[in-house]
Each structure stands twice: as structure tokens, then as C-alpha cells.
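In the two assemblies presented below, chain A is common to both, partnered first by chain B and then by chain C.
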Partner chain A sequence: MWSRTVANTVTYLLLGLGALITLAPCLLSVQTSLKTPQQFAAASPFAPPAPPSTGSYAALTVGEHTLFPPLVITMQVVIVVVLGQLTCSVLAAYAFACLDLPGREWLFRVYLGTLTVPLTATLVPRFVLVSGLGLRDTFAGIVLPTLFGSPYAIFLLRQFFRGIPADLLDAARIDGAGHLRVLRHVVLPLSRPVLATLLIITVVTHWNEFLWPLIITSGERWRVLTVAVSALQSQHNGDWTLVMAATTLATCPLLILFVLFQKHIVRSITITGLK
Partner chain B sequence: MRVLAAFLLLLLTGCSVAGGSASGRTTVTFRLWDQQVAGAYEESFAAFEKQHRDIDVVVQVVPWADYWTKLPADIAAGTAADIFWTNTSNFGLYADNGHLSPITDGQQAGWTRSVIGLYTRNGKLWGVPQLWDSIALFYHKDLVAKAGVDPATLVWNPSGIGDTFLPAARKLTVDEAGRSADRKDFDPKAIARYGFNAALDHQAIGGDFVGSNGGTWQDGDRFDFAGEPETVAAIQYVVDLINKHHVAPSAADTNTDGDKTLRLFTQGRLALFQSGPYHLKSVQEGAAFDWGLAPLLTGPAGRVSVVHGVAAVASAKTPHPDATAKVLSWIGSAEGVRPIAAGGYGFPGVVAAEPEFTAYWQRQGVDVRPFLDAANGTTFPAPAGPRVQAGTTAALPILQEVFLGRLGVPEGLRRAQDAANQAVAE
Partner chain C sequence: MGSRGFPVRRTLTGYAFLAPSLIGVGGFLLVPVLVVIVLSLHRWDLVSPARWVGLDNYAGLLDDLAFWQSMLITGMFVAIVVPLQVVLGLLAAVLLDRRLPGSVVFRTIFVLPWISAPLALGVVWRWIFDPSDGAVNRLTGVRIEWLSDPDLALPAVAAVTVWHYTGYVALFFLAGLAGVPAQYHEAARIDGANALQTFRLITLPLFRPTTFFVVVTSLLTTFQTFDLVYAMTRGGPAGATDVIASLIHREGFVEFRMGRAAAMSVVLLLLLITVTVGQQLHFRRRTTYEVS
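Moving on to the complex of A and B:
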């Protein structure tokens, strides 16, 4: 009993320490966002804001650096990409898992192999390609390259679909259901957890996507949140209070998402073994 | 179905967020990395568009941190802005590869001469000067008065003969118990206030010390700093200020945080801050104490300041060269750069607009003459050449070790120079 209490205490102490290390930078960022540039310049970064100021937040919401247009654009990008990716990935994964076609495994491996090619390697060719289509600095240019499924999503879904008992699918087929019907009425309802997981991972990835939107757009028109926040800094002027307020605001939607879907996110870690 | 409708609605609202493009007018794009100066350009181009109703100038801001990542992609795809800002380290590559149009504007006589020099390559001028920076000494008035230091007369010398700067810096450096660095019981492990901002900063420190000791950094496009005894002595002096005399913050703090010394100065924890006009606004906003500007330090070869300039260059691939030439000519006129000067953002590249910048800072109670004097005196060129950026990047980690005191100065400079020249040759 006694040793259990000690073990628990040690565990909680370690967990508490971990939480502190993880949260400290975020707290520092929130604290900095509540200072005026003068307060930030005049005292140590660790000094608490006295008095707290909401000037940076005002500038970022209703003021000259308003983040609303980039927020709307980011939401559009995320919604379009998530819908496109989920639809295409589900169809592709079903094909890879349940259809009998010649060379299926081979095709799947080749497709999976593209996971090993990093984005930076294909960046310039992709940029030249999309520019050639006349889609530079357009909404389509931002979403098109990632609209049609991702190897990661297809891999995840295929593994899950293969775990569904074949008898269940056969039973549906005997009842006269075609592939689409099997997919819609049998496979998808059974796959809710993995779909939720995938939804969260895709939303987070594309909410944070920076390099591609930066490269393919120029100017303010199609600026997404990440690029807008980065643009607040210039060469010699860090503008830290504004940048910290902007990063705090930009992470808020993800935090809300996390609170709402906490259960699914924890499960996603156990399903995928990823963080 | 409802989801789809909501989604389409969102798309439509997105379209209304974005502005429409002007029809029937030629659009000239102008790209820079500074959000604040972009406002000044908007003002300038509004005046331009009144005179040229057939041209629409669109200003694009690409963040500084990613400017040089995005530019090569745009150049490769032939989609660069018609006119874009560049610095001296980066334009050479594009000029040599035929991506830029040479400048043949007749207004050249009215532009800042040192900046014209920086952007002249192979006998041709490649950029219209927009902003320039020279170096001066920001000082904390109370601190220097208390220590009895006159910041305008400081002389440094690596041999120690006639060196008034080092004793002053030691007097200005104070530990947490209030003991200055010239006392025997000074504790270098608990410094409360520093005398000077010696750091790995080529523009504000390195180049100026090297130049004022009569050394060089580059010979043509190649680096030659390790072979010049004056250069080695100057860098040794700067490194000693940090690691031997402890009058400057540790390189562990300044190597990776370019804002560290600026913050120390505005916090009142740094007495002498040698820097450029690019920090005027930050110091003015951040410092709650009286501060002044003095000329930069005098070395054995006199006062020598690094002069760096930002120029606007024209893409050779622009589909509308006539309209682009008109816009370029506008930003090469006093009228065109006036909002930049009048807003206090930087010394303008057109000499006739200069008084507006001086007047702006006069109204703020700051006399910017030390910068003008530095630019009109002996100057030290900013890094140049088509591969200089690659060379500087290769040398950086080695120079950081030198400033940390982990690598001796002569040996470190030799290694850094080899790495830099190898990168240049690649």
C-alpha cells in the first residue's frame, strides 16, 4: 500500500513536470501577448505584464492587422481539403482493401512509397506545374495538390477496412448490395473511429500547413493564417507582442477542437501509434 | 446536402473577402519584405496611379524569414514580381544569370552614391536604391554621464595604444553587486549591465571593426578575411571584448538571437549599442530613458562604417516592360520615395528626399546626423557577389564557435574562409 502511494506520487510528480515543460512556452507566449511593445522592451521577458494590455488582440481582430480574412481562407482551405481527402481516401482504401484487381498489392506499394518523398523535394516541380496550369495565387492552387487523398490516409483506412470481417461484406453482397452500397451501409458505419481520427489529423495538418501556401500565393489576397502570422515579423523588428498574440489566436481553434474531440484524439494515438 | 450548401456559401464569402482586379489597366507587381514600409509604398503608388491611370501597382509583402526561399521558386517558374526588393547579398546571382534588367534611368545622379556602388556589377547598375543603412552608436545618457564617458570620442586600438574605448566599456559594465569591470573584485559570472554590444553581427560590429582597422573581408567575390592581419586583429579585439574583458553579453546569447542586444539596450542593461537606423523605431518605442546618438567608434584607420542598401530590381521576364519602367522611374524619384523618408522608415535612396527623414526624427527629438556623417565618410562595403549568401551561410557555424571562444580566432577565421570560398566555388 505504502509503496503504491510512493509510486503514484512519483508518477504524478513526473507527469506534472512534463506538463510544466510542455505548457511553459505556451504560457510565456500568452503572457507576452498581453504586454505592450514598451513593456516588452523595457523588462525581462519573464516579467508578468503589468498592467495586462489587450492592444495586440485589438490590432489582430478589429485593427490594422486583422486576422479575419486569413482565418476565413484557412477555414475554406481546410474544409475543401478535408472533404476531398476523406472522400478520395475512403474510395481508394476500399478499392485497395476489398476489390480484387490484378496488381493491386503492387500498385498499393508504389503509392505508399510516395510517403518517403518529402514535400521539399517536390516543391519546385509542383510549383512549376501548378503555375503552368495558371493557378498561381488562386484558391485552387492552394488546395489542388492535396485534394485527392494522401498515401497516409489511404494506408490507415485500408488497414482498418481489412479488419472488417469478410462475412459481413459477403452477407451484404448476397442481399444484392453493390460496392457503393456496401461501402456506405456497412464499411463506413463500422469505421467511425478511424474516420474521426483521420479527420482530426487532416484538419490539424492543413491548419498548420505553411510552406505550400507561402510559395503558391503572393500578396494578401489568398493569405492563410500561418503565412499572415509570419508576415507580422520584419527583418529588424521582431514585433514579439503582436506575433505572440497572433500565434495564440491561431492555435485557439485547434485547442477548441481538441477539447471537443479529446476522446477521439486519445484514441487516434492508440490507433496510429503517432502523436 | 445542407453541409454542401453551407460549404458553398463559405466559398462565396471567401470570394468577397478577396478584392477584385482592375480591368483594362496594366498591373505591375511590386514585392518587398517589410509590412510597415509596404504602407509607405501604397501611399507612394496611389500618387503614381493618379498620374498614370492606365497602370495599377499591386504591392505584395513576403515575410523576411521566407523571402529568399520563395524568390528562387518564383524566378525558376518565371513568375517573379515585376519589381522586387533585394539586398546586396542576394542580387548578384540573379544579375549574373540574366534574370534582372539593368537600370538605365537618367535620374541616377540624384541617387545615394554608395548604394549605386553596391549594386553595380560588371559595369552595369542593377537596382534603384530605396533605403540605406550606416552605423552609429546609440548610448544611454544617464549611464555614460555617471561613468564620465564621452561616447563621441571613443577610440579603439588592438595594440592598446591610445585605446580609450576599452577602459570606458569596462567602467560601464557592472556586476550584480554594483562593481564595475575595471575592479579586481568584479564578478564576470553575474553581470547586471553591459558596456557594449560586441557580437557576431557583420553589419553593426564585424565589418565596422575590420574596416576601421584597415582590413578587408572580400577581394572581389572571394573571401580573404583570414589572410589579412588587420582583419584578424580586429576580430580578435571584438571576441576579447566578449570572452576576455566581459564587457559584452555572451555569444551563447547573441549568436542565435539577433534581437538580444537591442532588448538589453531598451531594458537599460546595455550602455553603448552600435547599430543602424533600422533600430531607430524599436529604440524610440522601447526605451523609457534618455538616449542619444554618437558617431561610431574610431579605429586605427579612422571611423569606417558598413553601408548597406536595399534596392528595387526589375525582373527581366516582365510581360509589360514599359509600365514596369515607369514604376521604376517613379520609385527612383524624390516624389516616389518621399513616404518612406517622411514616415521615418529609413534613409531614402534618393538624396533629395533625405531631409524628410531627418526632419521626421528631429520631430521625435533625435538627431540622425551621425548616420549621415558615417555614410559620407569612409565606408566598408556590404557583402557582395553571386554566391556570397552561400559563402556566408557556410562560414556562420564556424564563426559562431569563434565568438563562443571555442575556436581560436586565426584558426577559426582560416576554417571559416575555406568553407565560405568552397561554397562560393560550388
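Moving on to the complex of A and C:
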């Protein structure tokens, strides 16, 4: 019994230490964002803001450094990419899982092979291709490379679709349903868990995406949140209360989403990971 | 099956379903691999016409100190980050797997950094490591130039990278631990094994597929780290944190030497494909006798 108590105490101590290291930087940055530059300069970074000030947030929402346009663009990018990517991936996965096609297995293997292509290595050619289409510094340029489905999503969906009993699909077809109807009324309703998983992964990935929007856009017109925060940081280096408010604003929407759908997201990550 | 129609029509329908993804996978994954190879054989600044130079860009890389330094730094960065991430992630998973009250809260907290944009977190850490206003130096009372000292910058960025991904790694190990049947542990305990022996002799061997997945993912992501480096140091001081992704970005999109950037990309591509294949062979050899 005594050794169990010791083990439990050690477990809690280590978990607590881990939680402290994980949270402290985030909490300190939120705390700093609520100070005025004078308060920040005068007191220790660990002292709570007295009184809390929302000056930085005012400047970042309605004031001169407004992050509102980047927020809107980020949301548009995420919505367009999520809809495009999921639709195209569902169509492809249905063909791979449920349709009898010549060259199907061969093509699927090619798709799988592209999973090993590191995105950083294709940055330069993707830039050249999108520029060649005349889409540099446009909304289309930001979303185009990821709009038409991802091999990862296709792979995951195909695995799931193959688990759906063929009798169910045949029954629907005998009743005269075309492929799109079968897909919409039989396959998709059964696939809600895997669709939710992909939805979450895609939203997180594209909300946080930085390198591609950084290189394909220039100037303020099509700045997404991550690029805007980075620009703000270089322009106001040292103005930490403002910069910390910006990082808080940029991460908050996803964190709220995460806490709300915590259970689902944790399950999603592990499902997609263990394939 | 009668309503399926003619094979030609069936084939056309099928490929109609595949068409959009063929644009995506073909146009933005396969074609770029070919384009990057072709580009690496040219000199091009995006303005004047591209000029064929054969293998000059690769020959140039051999003499380029910045490139070799970047390769070395990337190697060191990976060598610090991946083992730490895997060991700490495993430790966190084992602790969470004891399922004491409150474990779910800890699990949620550990994943928070992974949900947040690395760029934003990098900016937060840039402040925390700031020599005069930063939390670390204010806490210790010593003025240390964390991010502008060439000896400290790489370990600092590596530590933040570990901080960022460990919770994510822990989730995978946690799922793997849940897959180890409880009766194995029971049997080992009855045979008189202590907790450490059970872990080493039962859990770890059954864990190989999870470990494989985690190590490969961790290697692939760490080799491509960009956002955190960009936010914290921009590759500085004096190239001390100039990992390969940071160098490719600067060559291509700051200096506009597309051919050189493409040659570096090809090297990265070959390196990462070797890592994936090598890992696969290694783990396949060691898991042949495993029950799966």
C-alpha cells in the first residue's frame, strides 16, 4: 500500500511539473497581453496586471494594428480548403474503395507513394507552378495546392469505406440509386466519425499554416493570421504587450474549439496516427 | 449487379470521381517533384529567363559552407529533438496510462501546444528568452543572451520544439499502451516481475509498431522544422540555427536563387526518403517474430 502511495505521489509530481512547463509560457503571455507597456516595464513578468488593461486588444481589433482582415482571410482559407479537400477526397476514396476500375490498384499505389514526399522539398516548385498560373499574391494562390484533396485523407477514407458492407451498397444500387446518391445517402452518413476526424485535422493544419502563405503572398492584401502576427512582431520588436496580445488572439479560436471538442480531437489524432 | 452499365461508361464514371484529386495529387505533389529536379539544373532569379547549367548547382553546394553548416545544424537539431521527444512522450504516456483521477485534465494540457500555431508559440518563446524583458532571465536574475549566443540558440530552439510536440507524441504512445492486453501484465506480475521489468520485457516489445510510427513521424517533421526557427531566430545568430528548411526559404524567397534552392530541396527529398525507407527496413527486421 505504502509503495502505491509513493508511486501515485511521484506520478502527480511529474505530471504537475509537465503541466506547469506546458502552461507557464502561455499563461505568462496572456498575462503580459493584459498589461500596459508602462506596467510591463515597471514590474516583474510574473506579477499579475494591476489593473488589467485591454489597450493592446483594442489596438488589435478596432485600432491601428487591426488583425480583423487577416482573421477573415484565414477563416475563408480554412473554409474553402476544408470543403474542397474533403469533397475531392471523398469522391476519390469512393472510386478507390467501391468502384471497379482498370488501373485502380496501380493508381492508388501512386497516391500512397506521394505520402512520402516532404512538403518542404516541394515548396520551390509549387511556388513556380502557382506563379506560372499568374496566381501569386491571390486568394486562389493560397488555397489551390491543397484544394483538390490530400492523399492522406483519401487513404484514410478509403480504408473506412471498404469496411462498409458491399450488400448495403448493392441494395441501394438495385433500388436504382446512382453513385452520387449512394455516396450521399449510404456511405457518408456511415462515415461521420472519420469525416469529423479529417475535418479537425484539416482545420488545425490550415489555421496554423505559415510557410506557404508567407511565400505566395506579399504585402497586406492577402495576409493570413500567422503571417500578420509575424509581420507585427518584426515591426514592433520589443513592444511585447502588443505582440503577446496578437499571439493570444491568433491561437485562441483553435484553443476554444479544442477545449469544446477535447475528447473527439484526442481520439481523432490517435485514429489518424495509427492508421 | 445488372445496373452497372458498360465497362467504358463505368470507367469514365470512375475516373470522373478521381479527376479532382488527380489535379491535386498529380499537379501539386507529383509534378512538383519533377519540376524541382528540372529547376535544380537551371540558374534562375525569377526575373531573367532560366538558364540551363547542368549539375553546377550541386557542385556549388559542395563548396558552400553555409549549406554544409546547415546540414550539420539540421543533424544536430534532429539528434537533440527526436530522442528527447520520444523519451519524454513515452514517460508522459506511461504516467497518464496509470489513469489516476485528473489524468484527462493533464492529457488535455499536454496537447495544447500542438493545437497552437508554431509561429505564434515561437514568438511567445522569443519574448520568454529575451535577454532583458524575458521571463527566464527575470526569473534567474542572470542576463543570458539565449537567442543571440551561437552556442545557446540551437539548444533553446530545440527545447521549444520538444516542448511543442511532446504532448502529441504522448497521445500516440497512450493509444499504443491501451492496445497492450492487460492479462500480459497480470501474467508477468504473477511470475514475480516488477513494474520496470514488465515495462521492459512486455510493454516495449509489443510497442514496436507504435514506436516505429512515432519515430518516423517525429524525424520527418523535425527535419522540416521552419516556423519555430523563423519566429525565434530567423536562422541566426551567424547561421547557428539555420536548419535546412530555413536555408531553402532564404535561398529561394529572399535571395531568389531558385536553382540553388531547388538543388537543396532535392537533397532534402532524397534524405527524407532514405530516412523513411531505412526506418522501415530496420523495424521490419526487428518485428518479424511479433504477434500483430
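Just so it is clear, the second predicted complex is superposed on the first by the 233 of 275 C-alpha atoms of A that agree within 3 Å, B and C clash if a C-alpha of one lies under 4 Å from a C-alpha of the other, contacts with A are read in each partner's own complex, and residues count from 1 in each chain.
The definition used in the following text is that a residue touches a chain if its C-beta (ideal position, glycine included) is under 8 Å from a C-beta of that chain, and two chains touch if they have at least 3 such contacts.
Predicted, not measured: the structure shown is a model, and the values here were computed from it.
Overlaying on chain A: chain B and chain C, fit or clash?
In the arrangement built by aligning on chain A, the partners chain C and chain B clash.
After lining up the shared chain so the two structures overlap, which partner does A:76 touch, if you call chain B first and chain C second: first, second, both or neither?
It touches chain B, and chain C stays clear.
Looking at A:258 after the superposition, I want to know if it touches chain B, chain C, both of them or none. Which is it: first, second, both, neither?
second
Would you sort A:233 into first (chain B), second (chain C), both or neither based on which partner it touches?
Both chain B and chain C are touched by A:233.
Using the touch criterion from the header, give the chain among chain B and chain C with more contacted residues in chain A.
Answer, by number of touched residues of chain A: C.
Looking at the overlay, does A:219 come into contact with chain B only (first), chain C only (second), both, or neither?
first
So, does A:139 touch the first partner chain B, the second partner chain C, both, or neither?
The answer is first: A:139 touches chain B but not chain C.
Which partner chains sit in contact with A:43 here, chain B, chain C, both or neither? Use first/second/both/neither.
In the superposition, A:43 contacts chain B only.
Show which residues of chain A both chain B and chain C reach, each in its own complex.
In the superposed arrangement, which is not itself an observed complex, chain A uses residues 40, 44-45, 123-124, 127-128, 131, 211, 214-215, 230, 233, 238 for both chain B and chain C.
Residue numbers of chain A touching chain C in their complex, please.
7-8, 11-12, 14-15, 18-19, 21-23, 25-26, 28-29, 32, 40, 44-46, 85, 87-89, 91-92, 94-96, 99-102, 104, 107, 110-111, 114, 116-129, 131, 144-151, 154, 170, 173-174, 176, 179, 204, 207-208, 210-211, 214-215, 225-226, 229-230, 233, 238, 240, 243-244, 246-247, 250-251, 254-255, 258-259, 262, 265-266, 269-270, 273-275
Would you mind writing out the residues of chain B in touch with chain A in their complex?
Checking each residue of chain B against chain A gives 7, 10-11, 13-14, 17-19, 29, 31, 33-36, 58-66, 69-70, 73-74, 76-79, 81, 259, 263, 266-268, 278-279, 281-282, 285-288.
Going by the contact rule at the top, pick out the chain C residues touching chain A in the complex.
Answer in residue numbers: 1-4, 10-11, 13-15, 17-18, 20-21, 23-25, 27-33, 35-36, 39, 46, 91-92, 95-96, 98, 100, 102-103, 106-113, 115-121, 123-128, 130, 133-135, 138-139, 163, 167-168, 171-172, 174-176, 210, 213, 217, 220, 223-224, 226-227, 230-231, 244-245, 248-249, 252-253, 258, 261-262, 265-266, 268-269, 272-273, 276.
Give every residue of chain A touching chain B within the complex, in rising order.
Residue list for chain A touching chain B: 37-38, 40-45, 69, 72-73, 75-76, 79-80, 83, 123-124, 127-128, 131, 136, 139, 211, 214-215, 218-222, 227, 230-238.
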